Amino acid sequence: MRRTVPGVKDLPVECKILLDEGCDIVMAFGMPGKEPIDKQCAHEASLGIIQAQLMTNKHIIEVFVYEDEGKDEKDLLEICKNRAIKHARNAMHLIFKPESLRKRAASGARQGRRDVGGIGKTGGQ
Amino acid sequence: MRRTVPGVKDLPVECKILLDEGCDIVMAFGMPGKEPIDKQCAHEASLGIIQAQLMTNKHIIEVFVYEDEGKDEKDLLEICKNRAIKHARNAMHLIFKPESLRKRAASGARQGRRDVGGIGKTGGQ
Amino acid sequence: MRRTVPGVKDLPVECKILLDEGCDIVMAFGMPGKEPIDKQCAHEASLGIIQAQLMTNKHIIEVFVYEDEGKDEKDLLEICKNRAIKHARNAMHLIFKPESLRKRAASGARQGRRDVGGIGKTGGQ
Amino acid sequence: MRRTVPGVKDLPVECKILLDEGCDIVMAFGMPGKEPIDKQCAHEASLGIIQAQLMTNKHIIEVFVYEDEGKDEKDLLEICKNRAIKHARNAMHLIFKPESLRKRAASGARQGRRDVGGIGKTGGQ
Amino acid sequence: MRRTVPGVKDLPVECKILLDEGCDIVMAFGMPGKEPIDKQCAHEASLGIIQAQLMTNKHIIEVFVYEDEGKDEKDLLEICKNRAIKHARNAMHLIFKPESLRKRAASGARQGRRDVGGIGKTGGQ
């Protein structure tokens, strides 16, 4: 199921509706703007998304990419794709094989960028 | 139905009352002042509005215009009108044809200003 | 009914108790100090007051005056009186004739200071 | 009844447990450190303490003293004692004679320091 | 029982699920990055963790270590170990002998670093 909402602050309730309708997990995609007010909106949305999870006992995977995260449009698009793919994989793992997440824990994996590596390890993925 | 409240912080509960009384969706209009304390009030109101949605499983479309968003009074009025119209359209879509919002997603549409365009597209609307 | 609490952070629950005991509306008066920690306390209290309203579906009119809002003690006292009176009127209107608030909406009315006027209007009250 | 928890962020749930077990009021003592992260923890704890009160309809008297509030260790100890005693008195009044708090309202009483006096009054206590 | 989640913002609901499934206490381990956005995520996660505790009347021991807390990787690892061990001990005490925590209260014990000592005492542990 897929739903589109006007802005990031409309995500929490839409996610909660989907979870209440029977979804096992929801991915919440959003691209907040680069102004301080946009970042505040994203912060408010994040708090609402956490609350929606606590009210439903189900996970919502938040996938936010900030407009000013990329060096240019091409880089931004790359981050979006990378983050969406990695988080989709996380969502799958949480539902179907949660034990597989354990292996990657603290490995310094980053969504949207090259991984940074764990403590005492060299390089990333 | 239309209700007026003294300030933005009175919006969350008034919206919730309307939703509990049977409204399918509510639009919350507010114009926070330009002082830091006004922005904090708007932030608190936004958090309450998100919470009210989670408690009712219905959408509240927040339409806030900051007093200092406009270059002058004429510009400010323009932003108010533009944002109100676009958000009213969003509210209609959410209730009557939510699938139509999908087409506009990530198109860089902005409420209150000329749209900024999506990644890899030129210009706005 | 009137209750007094030690500080602003004790207001949310006291207001909620009054609303649960049958009050239709509550006014919450507080004077936060001028230090950053005092402002944070007021912020926390405000969030609690909004939450209390959402839990009871009733309004709480928050009347906070910051110690550093006045130029001097006389000015501060003036702000307190002005804000208390205007908010008391707002509380009366919300309960007894909510439609009267509509006329004043977006007129730039300010509690505690001379009104600032609406967009495209000159002067205040 | 008296309970000890590892840090200030463990206070909200512990206070709520005590209130749910039948306590009429709880005092929450904490001494947050002087680093920004410590102050953020205290802020989070305060929000949780307010929420715990709203969930139980009972008061929690928060008594936090910041490590950097005192000029030196002796001064800090003085603040701790002064604040604890005044707040213990407040807790007693809230439960046994709430009307007595009214007399002290807006008198500029401060917990942990010499009182600052009310508007238009000279000196403190 | 042990569960792994993609990021710190996924911790609150996972902890709540574990508590609802019968766990008496949960430890939430996380290592937020060093960017401002990472610290905001940790703040949001902390608020959610406090809320999860209030909804379940059980403790969650939050064990966060910031990537920029250590002077170098070796120091960071040391902090992780030290903090995890001390908090595991706290968790055990909260469940099995809560009265033993009282003795350490206000002793200036710090998780992750050398203890700082209480007021009027010299040195740490």
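Letters A, B, C, D and E mark the chains in the order given here, with residues in each chain numbered from 1 onward.
Quick note on the criterion: a residue touches a chain if its C-beta (ideal position, glycine included) is under 8 Å from a C-beta of that chain, and two chains touch if they have at least 3 such contacts.
Being a predicted model, the structure only gives us computed values, none of them experimental.
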{"item": "Chain B onto chain D, rotation angle from CA fit, given as a multiple of 5 degrees", "value": "145"}
{"item": "Geometric centre distance via CA averages, chain E-chain C, whole Å", "value": "38"}
{"item": "Euclidean distance of C-alpha centroids - chain A vs chain E, Å", "value": "23"}
{"item": "Multi-partner residues of chain E (at least 2 other chains)", "value": "47, 51"}
{"item": "Running round the ring (origin chain D, first step to chain E), the chains in order", "value": "D, E, A, B, C"}
{"item": "Contact footprint of chain D on chain E as seen in their complex", "value": "43, 46-47, 49-51, 53-54, 57-59, 61-62, 66, 87, 90, 94, 98-99, 101-102, 104-106, 111, 119-120"}
{"item": "Complex interface listing, chain C residues touching chain D", "value": "2-7, 9-10, 12-14, 16-17, 20, 31, 37, 40-41, 44-45, 47-48, 51-52, 55, 73, 76-77, 80"}
